[in-house]
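Structures for review follow.
Okay, so chain A shows up in both of these, paired with chain B first and chain C after.
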Partner chain A sequence: MAKLTDLSGEGWPVASSQKNSTDFDEKLGTSPGVWTGGEMANPVPSACCVVLAAVVVVYAQRHSQQDSHIQYERVGADVTMKCGSMDWDAAVTWTANGTDIDDSHLNGSYLILKNVDLTQSGQYSCYEGSSWHLKYQTYLRVGTPPKEPVLMCRSNNYPKGFYCSWHLPSPTYIPNSFNISVIHGTREMVCEKDIFPKNRCHIRYLQLFLTVKYKVTLTVTNALGKNSTSLTFDEFAIVKPDPPESVVAKPVPNNPRRLEVAWQNPSSWPDPESFPLKFFLRYRPLILDQWQHVELLDGTSHTITDAYAGKEYIIQVAAKDNDIGTWSDWSVAVHATPWTEEPKHLTTEAQVTETTSASTSYFVPPPTTKICDWWAVRPWQCVGQLDWSWLLMVSSLFSEYAPSWGHERWGWVLGGHGGLRGSDVVGKGDTKQAVGEEHWV
Partner chain B sequence: MAAADTPSATTLRRRDLCSRGIRLARKMRSDVADLLDIYVERQGLDASISVAAVEGVPAAAAEHWSEQTGTQRLLDNLAAYRAFRTLLAQMLEEQREQLGDADAALGRALAAVLLQVSAFAYHLEELLELESRGPPGDEGDGPPAPPRLSLFEQKLRGLGVLRELAQWAVRSVRDLRQLARPGPGAGSAPGLAEGQ
Partner chain C sequence: MLNVAGEPPGDSWGIFAFLCAALCNLPAVPALNGTEELGAGQSIQKTYDLTRYLEHQLRTLAGTYLNYLGPPFNEPDFNPPRLARAEQVPSATVDLDLWRGLTDNARLAANYRAYSRLLCYLRGLDGQAGTAELRHRLGHFCSSLQGLVVSIAGVMSSLGYPLPAGPAGPPLPPGAPAAPNDFLKKMDDFWLLKELQTWLWRSAKDFNRLKKKVPPAVVTLRLEARGF
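Showing the complex of A and B:
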């Protein structure tokens, strides 16, 4: 068979330029008379045929010898690409994403990439010499084998079942596939993949109260390697409800130290009547770091009775099954400020009068001292400006409004050579300290 | 209308017995957990060791738990705790034979749990009486005499007994809570997975 003529070069073996029709025919392998070299035929259909033939030839050349595939290599590896079936000493041109590669990366016709990095991922093509016939093409993807995956299993809808979710601690930059197996005793169970998120599957409990543990194994595989991890647990250990929902906190009218808090069971908990939850409530004024805690064995509401008057509070709730598992994460935080009386405005110092009645005492700041609205601003901002005799008088005022406060709280207010020491505050009254037995963080 | 809303004396009594039973079961669970720690340590066992199902030990596992009636729950619980009463007594005897007075702590812990198991069984009998069902006879309810086992097999068997008892303690809390629920069919919880 005659060699195909290179149509990418200078001349098209058009009929009009052919002096010897036989030669042309041999070259093109066409039947005599089609390419009318000798006889002058109609030039327009001849040109069309030539163009069509050229297109066919180019297409054939491009797809006859090229290998187009994906090649995966590790970061840091040395990569050698061979230009298809070309000899080592053939003249070739390599491109990366359409850009010519410098000859310094070539060893004969081989392309050498040393210590590849992620930026070198892309399409690599090899063309023959000056003819630019595509001889080889590959898509290089630089990545890493997978590290040990992170697997977590949890039951937030006990006793219906549990789910497992996973992720890789660091990206591999190439496609990964995950396979999860669940063994319970001698039985293999099917973990049904969730539609969303896609790195999650769930299992329905077929039995409850089993002593036999579950073993979940996750294997991640990519073109550069594989890795796996396993978890073994019993039915109770992974029970962790979602946080309570719809937490609401509001002041109680005419009660400057109370806040009413209410919430709902997490909607994912399927049967709170048969499997009731208990709750942990924590709250603190924004200005302090230490939380107060209250554990509630039933009900979905609570009244805080020891709030600091006029101070904005942040409040959160967590949930746990009464008997098994661990506490949920904290709920979304809500803010609330206890009810306060309308503030009385002081106009000038001269209009402030002092009385000695314990029930109707007002504070009288020293003449050289800035007036502080005690209920509106942070009181410790005033402390540094006042002398101790004034503070002793103010103490009578506080003892009237906060008779249940102990010395430690008074120490908080007077902590006052330096100001406030919030860590000294200790829960009192109706509050309880956190019970530490159940995995508090 | 007020009369219809007022729970009957039987209902109140049931709720009271269920509440007390739940407290008993929780205390028992806590003590069994402590006993397990002592047992594993004293017997030189690995806490994570798997133990196959032991013959004669009532399994707490339930396949259609939510569909059980209250009476069935009580009967299952009573049968289990009567069996545990016998099993714990056997364990106590074995422990005394093996260690004598050398390990008083383990013996005391076993005896304490045995006492609680007996008390809980009696409590269940009271509940069954309330259901006008009456508890079944106690003869022949106990597990068969254990086969002649090696010392290590005895230890593993004991571990299996205690683990299963711990599961039963949790299940009993759930069962009694179902039983205490107001309304008809106290004992079948709606809306759970079909596997339950």
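Showing the complex of A and C:
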């Protein structure tokens, strides 16, 4: 939002107002009112071109003016600004970003800023006292010299090549430039900068199985200083694949302790045939902290056979070249629950929805539910839910098994103890009990 | 036994009996092709495993030996330029495309020649090494390395390739130029170990490629082993 003003007194034209239109047209080499392109019939596109060109020219000039008046200072430094060519005892007014600066910061016509901090960055202008003529302008940028940069090199696409990426551990608040050099033996190699992400470059391997190490040096420079760091490594030491992709875990029907896991080689690994990867799988139920691990030298799938029934698992896979380098990061985690058998004759809706979405939830029978059906173990708990079908079923059972039973049996069933043949009834009772218990959980 | 006249149970029993008879006679049929492929595949796997074992052994051995040589050889960042004299040691370095395009024969031959020469040089280290323990370790490593050379030869012969002529290839100049001073001698030792390490890394990759190219082992029925 800075105004376009006559900065150096050299009479650079501006396009912001009409009064300078003559100058403007002089720049283009035509007299005012004559359109370039000459076709009177279609003046509008030509006008657009002209205006666009003007804007570009002015923008470039404005930028070049500004670039030449940027001042970089360290945080905590004392800054003295002189008002151009004005004498020390001239009467001047300084402004910071358009706001007048108090005289207490002035030493004659010099502006003194002590112990500058980041908030004092901005545009400083010096005006002659009475005429308010702009005498000097500068952009002050407060920053720090660069700290030692952090450099990392890695080959996730062996044997194609490797990449290096870097960053500064703390910001400098002023522009930095990075220069990276890769030396191999006596040869300097060119590390091609990536467009995205920034601060990254890559190198293609021309030869494999080199005994000489690579030395990568990164130098970061800004107006206040420079710093550098180096890495020396063997071709093999920096091999680290990307994590496996498309990890999928599914329950195995009719197997309550199994989970089938499958994944794919990372797409960045160019040649899994000649440079096979091995994998590391880790899994645990969500409710536990201990991981279980399996190393797999072959294939991209594995069946877990010792999963706890009904528990939701979290599973991750990592990859590594069979022989060289280090393990990749862990893949995205997948969740899966082993197959659980659907209990028959459910009476509550909650249980039905829980088991039909078996892969995502941990099945817990609600404690208040009682399974009240004809094989109920403790029918007295189901008093409120008993229906006549249950009673009819029970009575028909007894009549089938012991048609000769007299009222004594019925007396027992309905709460009394008649003269019974203990073994028969107990046996049946036990069986019922056993069957009931199986279904109870 | 075969009842043609439409009694399904009798029919299937007959076929079953025939199959049993055929299976029981199978061991008598020579299965030469299968055994050969089985042999080559297994040999390649064994050679691969041996390179991994040696690479692991070399790590400890090299660490000890470089410590014996002393600084700067035992510094992790030590990265000297290669001197001309070090070119005698066969290098594993190869152009990427060239390496990819190697035939099985060429690949195996390169490994065979390299390890034969490296073995010679390594044996030369033996006499001068410092402690008795270091000499013992070197000796053990040399034996294992010899095993690798023999194993590679085995793979080549099982695939029908001739062994490269002479273990040294181009013969070592008689009285190979001994290092003029102690430091350069140590440099030679350093490069020898480095090349050995690189070769072992390369061989793992070479044998991985070979594993894929040799057809997978054919499973033959070996019923005679089961006493049928």
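Simple rule for what comes next: the second predicted complex is superposed on the first by the 274 of 441 C-alpha atoms of A that agree within 3 Å, B and C clash if a C-alpha of one lies under 4 Å from a C-alpha of the other, contacts with A are read in each partner's own complex, and residues count from 1 in each chain.
Keep in mind that, in the parts below, a contact is a pair of C-beta atoms (placed from the backbone, for glycine too) under 8 Å apart; a residue touches a chain by one contact, two chains touch by 3 or more.
None of the values given here were measured: they were computed from a predicted structure.
Engineer: Once the two structures are overlaid on chain A, check if chain B and chain C clash or fit side by side.
Structural biologist: On the shared chain A, the partners clash.
Engineer: Classify the contacts of A:F209 with the two partner chains as first (chain B alone), second (chain C alone), both, or neither.
Structural biologist: In the superposed model, A:F209 contacts both chain B and chain C.
Engineer: Is A:T99 contacted by the first partner chain B, the second partner chain C, both or neither?
Structural biologist: Neither partner.
Engineer: Using the superposition on chain A described above, determine whether A:T119 touches chain B (first), chain C (second), both, or neither.
Structural biologist: Neither partner.
Engineer: Touch test for A:P270: chain B only (first), chain C only (second), both, or neither?
Structural biologist: first
Engineer: Please report the chain A residues shared by its interface with chain B and its interface with chain C.
Structural biologist: Touching chain B and chain C on chain A: residues 159, 205-213, 236, 273-276, 322-324.
Engineer: Using the touch definition from the top, list the residues of chain B that touch chain A in their complex.
Structural biologist: 26, 29, 50-51, 59-63, 65-66, 160, 163-164, 166-168, 170-171, 173-174, 177-178, 181, 189-196
Engineer: Please give the residue numbers of chain A that touch chain B in the complex, ascending.
Structural biologist: Residues 159-161, 204-213, 236, 270-271, 273-276, 322-324 of chain A touch chain B in their complex.
Engineer: Which residues, counting only chain A, touch chain C once they are in their complex?
Structural biologist: 159, 185-186, 205-213, 215, 232, 236, 273-276, 322-324
Engineer: Quick one: in the complex, what on chain C touches chain A?
Structural biologist: Spelled out, the residues of chain C in touch with chain A are 52, 55, 77, 79, 81-82, 91-96, 99-100, 191, 194-195, 197-199, 201-202, 204-205, 208-209, 212.
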